[in-house]
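Two complexes come next, and they have one chain in common, chain A, joined by chain B in the first and chain C in the second.
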Partner chain A sequence: MNQFIQSLVDAISGGAILGLAALSIGLVFGVIRLANFAQGEIITAAAYTLIFTWQLGWFISIPLSIVVAVALSLLMEFTVFSRMRTATPATLLIASFGLSFLLQRVYEMLFTNTVQTAPVGSALAQSIDVGGVRIQMLSVVTIILAGSLLYGLTLFLAKSSLGLQLQAAAADFQTARLIGISASRVIGLSFALSGVLAAAVAFVSTVQTGAVGPSFGVPIVILALVGAVIGGIDKLSGALAGGFLVGFATSMLASWLPQDFSNFRDAYVFGLVILVLLFRPSGLLIRGRGVART
Partner chain B sequence: MPTHEIGLQVENLCVSYQGVPAVRGVDLEVKAGEAIGLIGPNGAGKSSTLLGIMGATARTGTVRINGIDVAGLPPEKVVRQGVALVPEGRHIFSELSVLNNLKLGLVGRREKTGIPEAFAEVFTLFPILEEFQGRKAGLLSGGQQQQLAIARSLMANPDIILLDEPSLGLSPTAVDTVFEALDVVRKAGKAVLIVEQRAEFTIAFSDKTFVLHDGLITLTLGPSDANNVDVLTEAYFG
Partner chain C sequence: MSEILSKSKASLRWRLGPLWSLASLLMLVYLVTLANSFMGESLQVQLQFALVNLIIVVALQMFIGTTGVLSFGHIAFVAVGAWTVGLLTIEPDLKRSLLSDMFPFLFDVQAPWLVAVFIGGLVGGLLALIVSPFLMRLNGLQAGIATFALLGVVTQVLTYWSSIGPRSGQSMVGIPDVLNLQTTMFFALGAIVIAWLFQRTRPARLLRAAREDGIAAAASGINVVSQRIIAFTISGIVAGVAGGLFALTNRVLQAQQLGIELTFITLAMLVLGGMLSLSGAVIGALVFSVIDVGLVQLQAGVDIGSFVVSIPQGVRPIILGLILVGFLIFRPSGLTRGREIVWPFRPQRQALPGVPPENE
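Now for the complex of A and B:
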């Protein structure tokens, strides 16, 4: 029973982190129909920042990693994607693949192929006792962090003028511009918010592993994309729920499958995804299919 | 020398899609306090004319908003010169509340004062929107959604308001509500340009109505032509 609660909490935290990652992709997708594979390299950049600056203190290292993630996200938009406004979603996705590989090679040249390590957030690497059940501190922190970010994002989107403008642009880009919403401003905003979420994902993942290599963000972004597709990437709630589901499932499979099988857990997840794509190609949670940006 | 008269002037407006012309040299003018109709069969280029004015599609020719040439400006900047479009098919944000749709209309507003008054004005014009302000816009009836689309455009306090087929798909009473409101808007001194398929209705309502055919204005009608069957037949089939 105790072990079940432990793995349940871990799975919720695993779901929360992939939910955030999928949301960070969905935010940008909603506005410019870009499923950004290079989101993984934004996560990696934030993770490297944490590793290299952790000795300066968390109160410097964490804000710095957020700044780096937001800056890289905006840089991608200004240098690459803003030049591709009339491209189809498929072309954008392929461009983001290219960007992802390019950045991985850059990280390799800068920081070598071996992983860099630092005791990032080592204070969180302990268990706490909750009513006789040992629970990982990091899982609890992850759940609280994801919950607060979600709450803040929801509040921002629903209550602020900029948040409403972002929602309007995601729902109907052409009409949004016709009523005076600045395209470049909402697009920039979506990339910036997406960067903040990527930094949060990077923090939790770096604490978990303590080691960062050039392809650190790749498995995260693959699973997040899978989740976003399952949930329906053109709706924020869909992307979030899909990401959560995938994170939850991979974590549960990891704790409950025999060790030999654990190694293949991603194969199981992909198996599930293929089933979903075969039987519910428009995602599990949405009713209609979104239209492509013209 | 730009003239500083309030209103819209369009000269030799041309719009084409991948080299195929849709609007082929339209001239028109709408002054403050005036309603101008633009009618014509499906595919005549009515929507393209409005989108061309807004800068939402590639175009040539001159468009002056309150005397200022808006050549090359993107729609979000054209709006800030004082013109608002109520698009064909309404295009309200159906997942957002009525109130949030109206707040979004404020984005294109030039002055940041008078916002409470702006809400009060649209709620007087369309009381149903006040009653349903917390409701998801997608849950409104077609007529109510059209009222919301017009109200959203009024939140920007435009001098010129362009409407693309506001009566499309509405019941007769809903059409009456919409046109009564447009009459108030015209009398309040705004310049109103109405694109419609309903010829008789539009001709009777407007101070002047242009007939568009294959991207060209082929006829100009006055309110007294509304019941003239020959003129209408000529307009649509001539």
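Now for the complex of A and C:
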């Protein structure tokens, strides 16, 4: 039973990370129809920043990693995606796939292929005892972090003028422009917010592993993208829930499948994805046809 | 009379036009191979890899170009084709000692390499056929993600399932050295001919119609899904053959070699040439490979006069990535702009009623 609660907490925190990552993809997709594969490289950049600047103290390192993530996210928009406004979602996916490959090779050249290590957030690496159940401190922190980010984001989207503009643009970009919402401002905002979320994902993953290589973000973004699509990438809640589901399922499969089978856990998740897409092409949480047929 | 003559002339031109585009592509591949045979040994190995990639790109074009549906999954068919050829051509004794966890019956199955390559193609096609009812209903982003998931499943199964290959982290070795450049070239020419023939078939024509306007095509009674299944399976066979040739060229197999990176490179070749035409696939693969070889030479250092010009290690893949992204931004229809090579010595043909356009 204790073991079950332990794995449950881990799975919730695993789901929370992927939920955030999927949400960061969904934020951008809602506005410009880009499923950004290169989101992984934004996570990697933030993680490298944490590793290289951790000895300066967390109060410098963490803000710096957020700045780097937001800057890279905006840079991608201005150099690449802003020039591809008329492209289809599939072409945008290929472009971001290429950008991801490109940035990984840049990281390889700058920081070599070997992983860089630093004791980032080592205070969080211990476990605490709650009524006989040993719980990873990091899992608790992750859940709290994800919860507060979500709360903040929801408040921002629902209460602030900019947030409402973003929601309007995500619902119907053309009409939003007609009523005077500045396209470039909203697009820039979505990229910046998605950079902030990427930095949060990077922080948690870096504490977890303590080591960052050029393809650090790739497995995270693959699962997040898959989660966003099966949840329904067209809606923020769909992307979030799908990401959470995939993260929760992979973590549970890893703790409960025997070793021989747990090697294949991603294969099970991918197989499930194909099935979900077959029956609900626009995502589990989306009613009707959504983006699927375009 | 003259009207009839001009009509028959036009129809002759209509028939010969596509044949010319086929012949020019075959000549192009032949000439590149011929030119290469005068150069060094290492360049010949690189060209052999380039021709294998060319076949993969042709397979990709047969599906993506014809249907307009994105596939990240074709490398999965390449991988199973390569695996099949590896298992069928490695000596039984070697398999017993190196791949000891395998199903026992796999130790003794053997086939001559040429037969093995075709079996590899069949296995690739079979996998495509099995998964196609699931994948072919999807479009756009969903198709991209689902085919990507297929690649993920296959890569992981080949990496970890030691009953059909090496244990994870190890590679399959001992694949015989039987394939030379000339034979690879014939396979590449064969793949181009098959893709060209496929373009003229009914399913391919229906799929191109559906690509341009899916709703109109469905309204005209085209069952898009079943036509796509045909295209996916045939291109899966070609990709499986390419995988077999990859195994015989590389002679060491690891699931990681047949994953995201190869997907990226072959897609970049297709985008560079132009997805919508066979000429695009062939020209894209060749141009990309020539650039790649040039960058490899530059990495080693090239003498220009009294200077040695060289680029640092690691710049090569960055330039290749820039090519893909740059083309998607500035020329998304590729070098060929989605057209086939046409007969250059005649004025542009007037559009004739009832005559299908030749550019497809």
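The working rule: the second predicted complex is superposed on the first by the 290 of 294 C-alpha atoms of A that agree within 3 Å, B and C clash if a C-alpha of one lies under 4 Å from a C-alpha of the other, contacts with A are read in each partner's own complex, and residues count from 1 in each chain.
Here is the rule we use: contacts are C-beta pairs under 8 Å (C-beta built on N, C-alpha and C of every residue); 3 or more make two chains touch, one makes a residue touch a chain.
Small disclaimer: the values here were computed from a predicted structure and weren't measured.
When both complexes are overlaid on chain A, the residue A:A192 reaches neither chain B nor chain C. Of the two partner chains, neither chain B nor chain C is touched by A:I143.
When chain B and chain C are set side by side, the one touching more residues of chain A is C. In the superposition on chain A, A:A71 contacts neither chain B nor chain C. Judged by the touch definition given at the top, the superposed model places A:T88 against chain C, while chain B stays out of reach.
By the touch criterion stated above, A:R105 is placed in contact with chain C alone, chain B being left untouched. With both structures placed on the common chain, the touch criterion links A:Q174 to chain B but leaves chain C unconnected. Looking at the shared chain after the overlay, A:L225 reaches chain C, while chain B stays out of its contact range.
Of the two partner chains placed by superposition, A:A211 touches none, neither chain B nor chain C. Of the two partner chains placed around the shared chain by superposition, neither chain B nor chain C is touched by A:V133. Only residues 161, 164-165, 167-168, 171-172, 174-183 of chain A touch chain B when the two sit together in their complex.
Within the complex formed with chain C, the chain A residues making contact are 35, 80, 83-84, 87-91, 93-95, 97-99, 101-102, 105-106, 108-109, 218, 222, 225-226, 229, 233, 263-264, 266-267, 270-271, 273-275, 277-278, 281-282, 291-294. Across the interface of their complex, chain A is touched by residues 54, 56, 74-76, 79-80, 84-85, 87, 91, 93-96, 100, 103-109, 152-153, 156 of chain B.
Those residues of chain C that touch chain A in the shared complex are 69-70, 72, 131, 134-135, 137-146, 148-150, 152-153, 156-157, 160-161, 168, 214, 260-261, 264, 267-268, 271, 312-315, 317-318, 321-322, 324-325, 328-330, 332.
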